[in-house]
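Please go over the structures that come below.
Shared chain: subunit A. Partners: subunit B in the first complex, subunit C in the second.
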Partner chain A sequence: MHIAEGFLPPAHAVAWGVASAPFVVHGVRSLTREVREHPESTLLLGASGAFTFVLSALKLPSVTGSCSHPTGTGLGAILFRPPIMAVLGTITLLFQALLLAHGGLTTLGANVFSMAIVGPWAGYAVYKLLRRSNAPLMVAVFAGAFVADLSTYCVTSVQLALAFPDPGSGFLGALGKFGSIFAVTQIPLAVSEGLLTVLVMRLLVQSSKGELTRLGVLLAKKQSRTETEAVAR
Partner chain B sequence: MLPIDAAAHSSRWRRRHPVDKAVLGLGLTLLAISLPPWPGAALVLLSALVVLLGPAGVPRRRLWRAYRVPLGFCVTGALTLLVQVGGPGGFVSLADDGPVRAGELLLRTSAASLGVLLFAFTTPMSDLLPRLVRAGVPAPVVDVALVTYRMSFLLLDSMRRIREAQAARLGHTGRAAEWRSLAGLGATAFVRAFDRATRLQAGLAGRGYDGTLRVLVPEARVSVRFTAASCALLATLAALTFVLERPLT
Partner chain C sequence: MSRNTKINLVLLLAVAALAVLPLVLGLGDHKEEPFTGADAEAETAITELKPDYEPWFSPLYEPPSGEIESALFSLQAALGAGVLAYYFGLRRGRRQGEQRALEREADRALTGAAGKSAAERD
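Entry: the complex of A and B
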């Protein structure tokens, strides 16, 4: 859910831009360090950005009968980590604003905050927590994608409620208004995105173990003693 | 190629420097959100439409196809302002100033969107991205953005073909089949993206790749006349808004 161009008053647009800046700067520093140390990473990161962009173009069937697209923030955060996702998400949102007219430039800060910062961090935190408590990979992936999607929409509701408080009940009334409108479509969509992410991850585990190990999603297989001895001989 | 970018490549203003178009397009957007919606945003909307369909020569149908996307969101968002929660009228009732607030929001968002569309419809991404380094964006980020941009089209094309192949194999006949196809599509996009990156890396390594992607950028100079005319238009719109605000309110 992108907040459209010009939807937020100027003060809110600037404030969300300022709130997003430290996370994006942190991500840019991580990305710059990674590219300086491993120049070949530019291409892999570019590919990851393209994957994130393309993921948002997938049409997702919703339980309510409508059709929407996944945010891709959960899968992106699990695969590439939240700091990198802050940069890739910003690039993707810029492309969506200029190439697809989704979102906007004045609302870029607010959209980055919800879709490239809060969504990935919340989803990644849940994923990591479940993995540390020995939950199966697919359970952690589902929960991560579900939380990432839902938290994105919760933050968008807060942003809209702050910008347009209800005349009768203020911020809380507006939050209930925007939240309940989103809940009708977004809770089923978050479930759908969780399921889709699990299916994608299952296929990736079968077909791209090398890449997933390189990205740190799967642990590198330890060499058995006989293999080590064979190499030593 | 995506429709807006394709239109930008064949635009009349394709050879103009991005700064020229940014001053006009993004200036109109900034005016739209900072001036009073009536008559400020209405004047900006009208001016942006005249520039888009007149001097910039953007085809009407293409503009409408791109414009209806943000417009749909604006209308849905504005509808929520028509009702209020709590108060003397009951739990949910019509807000007194709802139609005015919704109308102002619609004016502001539709005018601001047209300003950005003016920039997007006349400036190809390939002209804009390499110049961001001069604007202070770190070169590695610009390089990643360039690879993302170029690879997106290849991936979108691959996905279209995969979707067609899936449809030909009855992959969209039932709900279960549709989910399976969708998951296959997402996973294949990931595998293809990484495969392309690895092959691109091997190709570039053979050509002495040192970590920087050098691309040719079409030469263009910032036009003082164009920028001055844009600033004059923006100033006129601001002045006109303040002059007309009282009589029209």
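Entry: the complex of A and C
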């Protein structure tokens, strides 16, 4: 659930926009480079974007008695690294802001920062750490997707608490309030997102071994670079 | 059913269970309006924290009713699901095609070894 249109004071809205812009610009560059150098990856890029589209349209009930939706950003971050996910996430947020009155244009910067930047980076970092310490692929994928989802809504809570500190208990009081609305609601949804990301990754391992090897998700069996490229096609 | 398919089914069932359990256990019963969106709750919280806050911008386009809104949300999900299905279908088809081509080649190699003419092989 994103911050609704007009619900961040102008100064905050602009600040988050300025903070997000360089990440998205850098992401567009990485994306065009990826497509130019590996045209065969366009399809999988589309599939990663599609995954975010599906998951962020699914409003699910949660233990707190309210509804929220997953983000779907973990998968793309693991496959193509976070900069590219910044672009795919921004496209999804724009679609929802323009057509669904969900999120908004004035809060786009803040929502991009949480869902398309911090979420993917946090998820990717956890995934990489676990892979480095030799955790099984699917464990790392689950943890990465879970963290990408949950951290997104922790950032949303921080953003709102910064803009609307509690008159009595200040920033921390407001953080507790927004955290209980967003972050606690999100925990079971983050588990769902982790499970769905594992499911899609399992299907990818069955169907797209070559490409996963090229992207470094699966380890190459001492193949030379040219061979890996050939398999990818 | 293969082991693989079974694991995938269990994953889907777990997701479904996580979505259905809050409803079945009535976890929204303590609320006046159960299972509203977390973003709407945040809006309420903002008006509690800062009663004089007025949203200074409203959406350029707002779906005129809840029905239209859910239609647009399903459109979003359907678009995504369609692209995903296309991807996996295409991959599966390609793999099957490649396998068939390999089998055909193996057949040809066999008949070729049995002394058929080269022209027939093309």
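Basically, the second predicted complex is superposed on the first by the 178 of 233 C-alpha atoms of A that agree within 3 Å, B and C clash if a C-alpha of one lies under 4 Å from a C-alpha of the other, contacts with A are read in each partner's own complex, and residues count from 1 in each chain.
Methods note: a contact is a pair of C-beta atoms (placed from the backbone, for glycine too) under 8 Å apart; a residue touches a chain by one contact, two chains touch by 3 or more.
Since the structure is predicted, the reported quantities are computational estimates derived from the model, not experimental observations.
Judged by the touch definition given at the top, the superposed model places A:Phe178 against both subunit B and subunit C. In the superposition on chain A, A:Val35 contacts subunit B only, with no contact to subunit C. Shared-chain residue A:Ala4: touches subunit B and subunit C both. By the touch criterion defined above, A:Ser207 reaches both subunit B and subunit C. In the superposition on chain A, contact of A:Pro188 is made with subunit C only, not with subunit B. Once the two complexes are overlaid on the shared chain, A:Leu45 sits against subunit B while remaining clear of subunit C.
In the superposition on chain A, contact of A:Gln96 is made with subunit C only, not with subunit B. 2, 4-7, 9-10, 43-44, 46-47, 49-51, 53-55, 57-58, 60-61, 95, 97-102, 104-106, 160, 164, 166-167, 174, 177-178, 181, 195-196, 199-200, 202-203, 207-208 are the residues of subunit A that lie in the contact sets of both subunit B and subunit C, per the superposition on chain A. Across the interface of their complex, subunit B is touched by residues 2, 4-10, 13, 28, 31-32, 35-36, 39-40, 42-51, 53-55, 57-58, 60-61, 75, 79, 87-88, 91-92, 94-95, 97-102, 104-106, 160, 164, 166-169, 173-174, 176-178, 181, 195-196, 199-200, 202-204, 207-208, 211 of subunit A. Within the complex formed with subunit A, the subunit B residues making contact are 2, 4-5, 26, 29-30, 32-34, 66-67, 69-70, 73-74, 77, 80-81, 83-87, 89, 93, 95-98, 101, 105, 108-113, 115-117, 119-120, 125, 128, 138, 140-141, 143-152, 154-156, 159, 175, 178-180, 182-187, 189-191, 193-194, 196-198, 200-201, 204-205, 209-211, 213.
Per the touch definition, subunit A reaches subunit C in the complex via residues 1-7, 9-10, 43-44, 46-47, 49-68, 95-102, 104-106, 160, 164-167, 174, 177-178, 181-182, 185-186, 188-189, 191-192, 195-196, 198-200, 202-203, 206-208. The part of subunit C that touches subunit A in the complex is made up of residues 4, 7-8, 11-12, 14-15, 18-19, 22-23, 27-31, 34-39, 41-43, 45-46, 49-50, 53, 55-63, 69, 72-74, 76-77, 79-84, 87-88, 90-92, 95.
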